[in-house]
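Listed below are the structures to be examined.
Each of the two complexes below includes chain A, the first together with chain B, the second together with chain C.
Moving on, here comes the complex of A and B:
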């Protein structure tokens, strides 16, 4: 019973310190929303409004039709005219345009006659991902137009049926990629608040000497650690859930599953993350070291190796093995399951078990280390 | 029964022996001074007595409890305060008191009574809601002491409690310590300040992990009585010291402010003859006479003897 009241005393003190430290509190509560906005809009794998230059050596109805197919797709903006090869070089070198469409002379007569012809499409490849996407768009558009001419040529009837083929782009449209990212963001931000704030708050007490003072009092390691981490659990849970709410409001993210299950999944992940912060604090003696260790062992893996941004299936085999110890990997599966698919624990129970195993193992390691240091 | 009973206490860190076969006792109501240079083993000893560090060998019984057997029980009976005044700077005076009351398991009524006592003692009445970091060093120091004795311990450890505090606050603080001892609390205090050590009932000088000397201030000074100390004031203290070093019958010298202390090897050498010899070398002597040894003389002597 006394241990309980001692835990409460520590937790109350910690909450008061968090409240006093406005800057940290602000960071904990509002940076997540800020991140959501930045990442939600910036981490967008779709490309729109690609600046396009045109060299039309044909000036026929067919060439104009091809150009309008590009412009009307919404993916390209015609911003410049490139009358000569040197003009093309200059436009791309200066970054005025990302892509150039070169239509050869006699393009119109060739397509109308059904003869095979080619247009040239130049893309600035300095950003390989963007270039690949742009090439994809262009290929789609050109093949659409080409199909129509083939059909026309075959029918040899100007009033024949016009086939409309929508371009199939390999990447998700804008909305979907944001939805895909939000669960990853929650994992990322939960890691930030839970791991870092726990580790820093304990290491700060080491640095200030208050830890030594507290150790001189008759309070065990367990009430102390519980009292210190409980407030951060609450703060992390609040900020994680606020991201979900913000994503629903700002990005029309659906919430197809149960809120209870969602809170349960997030809590399970947070317990592991807090334990990890605790483990770091038992190793690091300065806030700087704690932060760097947290960055290397929790941030980067969560960002890189969880499937947040890069699909695990396309990683090298060695890295794929590494992802098995990244808890965010399992968290993301469960989270996407609840939020986007509306499925329950029956579907992702294996991931929950993995999260629980992570939490228990880390908690055990941390308590062994903390106990050894305590007395 | 002694409040603190230490027998052959030893602590090794690998090949390094931080505390080497230390034995002493502290009675209830006694102020026991622990002197020694940095790294001499003072803090390591205190950490063992507080149950934070296990001794390699030897025994320490604090408040009737063996530190090895029940460190938690020891912690309930002791108060600890360090030079860092380890308070939470971003909390108010009241919140610090509430926190330490909480982790010592004080009841609501108990805390209210002790809070009033601590505020009174530290002179912080009316400043309950001030942030601790806004307090001056002296106030912070008294608040730290107050937080360390909220649970009315019978033994208090003060680890260099007066570092970085102005002289007036130091005086006030020592008055508090004397009050504490007067109420029957055993106080073990470490300090660098030898003038402060004069407040202590008994003193132990620890040197390289060993107890080099130990007794009352008068006892320690008496070990010097066999060798008189001459205080020489001259217009040029450094020149006087050099001359004294070369004089027969002078064992050693040290500068004390503007004067020179010379330890004589026996009472046979008179002050007048030393002064005459200095004057003969053209040094103007302002005064020259035998003085009682200060604690600093004792400390330097002990340090040199244990270094030899």
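Moving on, here comes the complex of A and C:
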């Protein structure tokens, strides 16, 4: 029997085992697409309808105008009145409002007379990201209002500022964070599905004692490892491609590049991820250890070190180096490249090479581990 | 009598844990290592945005504008080119996220005091960071414009200025917000995982039958199995809280005692959840799938760990109340950053406690039915 047929034999045996465990198979096939539906819809960084409380100590036409500039922007919802400092404390402590706008007395008379004045803007900073965006909205709105009064008071030329900026955004003109997050979600779900599906496969045989039987049979380590990977590869490729298609249909994710390249990129990533699960399985002595290691190495690192949510370029230098061993990092560059930018391997070939190296090295390591245990 | 039997089970579980020293090492060391690394990763602060400059003008005025960008910590000028066509390459490869395009007659118009516009082209793939970076660019240019419009040597202050005060986290450090969340997730991964395998392993190995014929009561079996895991959980709590406080110096403004107490209530929910998974699964593989797909992943995304619940669509928001981590995060962030106590946090504390007790009772009931 050639190595090829041995591989097929192991794959058939594994396939039978997958078929018998209906719950696992259903989870692997359908849960990923369901996840994408829920999370793709739920997750975004687009900050709208910030709950705002107001303390208006002026009650003039000008103060009302400032407040309506906030409300009409669509970014703020006026939900409460904060007549006193203790009321402000309470509202922010309990999380009833995210921000408070305090307009000083004499605000109206000051701006009309052209005297400088300041309004206070208090923000709950517990979520730094949201807070920074909210501060940006508020300072922008206040500076627009200011410019209007400066023109009225003839402090500035009515022609507007001497220098202005015209922003143009490529690839994602409406800056929908969904378009950024959905590829990340695809990578995350694919990584977990793949690692989780193979992490127990070898160690289960060890625990059940069937490993001895496999060892006695004339199967080499490499066909054994490949045969274990192949069925899960088919299952996870089906589920990964179904989430890609779901993303395109449900979230208007553009598909600007080539499908062939996309399938290639996804396959390369999956082989690496499945092999990683196998490696864990070949090292662990019990299923419990395998599960623990699989989760600890993929659950949070893929989320946080891949560029899914947190930009790698903002991380400290030593950590940027660590991200080079996270395969999802390369996958995300390639996936976003194909899908959002419509570029091909000419642009992201380095990431493809990295993915291929990862897959081959991990598969080789897993085979070596299995061979050593059999010896 | 009951206590001795309970004692035997606890001893048996500890012996099993000891037999697998690797597991013990993993559950103690991995959370610390992960927290120390991931704590640095969790930054949504946007810095060093790679910028490519298209200076079609090449005047001293255009160089002055570029130096403003270069001098700002938000931007990092990676290259200067002379024509707009070259920008494509930079944005496609991701070498630059943003391009500043200065038109040919820029210097001339500025000298003449004529209004002029520069273009900023941004890669919108990372919508969140791009939004922030565009804000930086806009502010930078606006303040430079104000300087240009002002008489030499004196910059006109705006008529209405914003006096912004950020509470709880004045430097807007995302680590202070994220680290309590990472801590909670690590505890969840380690402890849920341990207990989710607990009963199902005995089922798979066939040893559960043996335990069934002994005079051990169900609750003794469950308590005996959970206590060693709870012990590991408590060690983990102390270690990760220590790392958060002393390594990352996350400010602890509230009560340390309350913080530890709430961590233990949280452990009830994570252990109970694992136990529940263990009772509804017949193989360890099923337990792993069920735990990771139906519990762990939803917890990451729907708890408000990274993605604020207030941003989610109205239909999704009610579902987040089913997630115990949601309450724990409110409590942790409340104690760490806001320094509030039970007078404000009691609804969340109560919900968390109810969740923990509820799931433990449910799991015990289910396992009694299974074992009987």
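The rule is short, and it goes like this: the second predicted complex is superposed on the first by the 336 of 375 C-alpha atoms of A that agree within 3 Å, B and C clash if a C-alpha of one lies under 4 Å from a C-alpha of the other, contacts with A are read in each partner's own complex, and residues count from 1 in each chain.
As a convention for this text, a residue touches a chain if its C-beta (ideal position, glycine included) is under 8 Å from a C-beta of that chain, and two chains touch if they have at least 3 such contacts.
The structure displayed is predicted, hence computed values, not measured ones.
Engineer: Could you look at A:336 and tell me whether it touches chain B, chain C, both or neither (first, second, both, neither)?
Structural biologist: After superposing on A, A:336 lies in contact with chain C but is clear of chain B.
Engineer: Please name the chain, chain B or chain C, that touches the greater number of residues in chain A.
Structural biologist: Chain A has more residues touched by C than by the other partner.
Engineer: Which partner chains sit in contact with A:322 here, chain B, chain C, both or neither? Use first/second/both/neither.
Structural biologist: A:322: touches chain C, not chain B.
Engineer: In the superposed arrangement, which partner chain does A:118 touch: chain B (first), chain C (second), both, or neither?
Structural biologist: In the superposed model, A:118 contacts chain C only, not chain B.
Engineer: Output check: A:130 vs chain B and chain C. Expected answer is one of first, second, both, neither. What do you get?
Structural biologist: second
Engineer: A:10 in the overlay: touching chain B, chain C, both, or neither? Say first, second, both or neither.
Structural biologist: It touches chain B, and chain C stays clear.
Engineer: Once the two structures are fitted together, what part of chain A is touched by chain B and by chain C alike?
Structural biologist: Touching chain B in the first complex and chain C in the second, residues 21, 208 of chain A appear in both lists.
Engineer: What part of chain A is in contact with chain B in the complex they form?
Structural biologist: 2, 5-6, 8-10, 12-13, 16-17, 20-21, 208-210, 212-220, 224, 375
Engineer: Enumerate the contact residues on chain A facing chain C in the complex.
Structural biologist: 21, 23-24, 27-28, 31, 35, 38-39, 41-49, 51, 66, 92-95, 98, 111, 114-133, 135-136, 138-140, 142-143, 145-147, 149-150, 153, 155-157, 159-173, 175-177, 179-180, 189, 192, 196, 199-200, 204, 207-208, 284-289, 291-296, 299-301, 303-305, 309-311, 313-316, 319, 322, 333, 336-337, 340-341, 343, 347
Engineer: In the complex of these two chains, what residues of chain C are touching chain A?
Structural biologist: Those in contact with chain A are residues 20, 22-23, 26-27, 30, 34, 37-38, 40-50, 91-94, 110, 113-132, 134-135, 137-139, 141-142, 144-146, 148-149, 156-170, 172-174, 176-177, 182, 185-186, 189-190, 193-194, 196-197, 201, 204-205, 283-286, 288-290, 292-293, 296-297, 300-302, 306-308, 310-313, 316, 330, 333, 337-338, 340, 344.
Engineer: For chain B, which residues count as touching chain A in their complex?
Structural biologist: It comes out as residues 50-52, 71-73, 75-76, 78, 80-82, 84, 86-91, 95, 98-105, 131.
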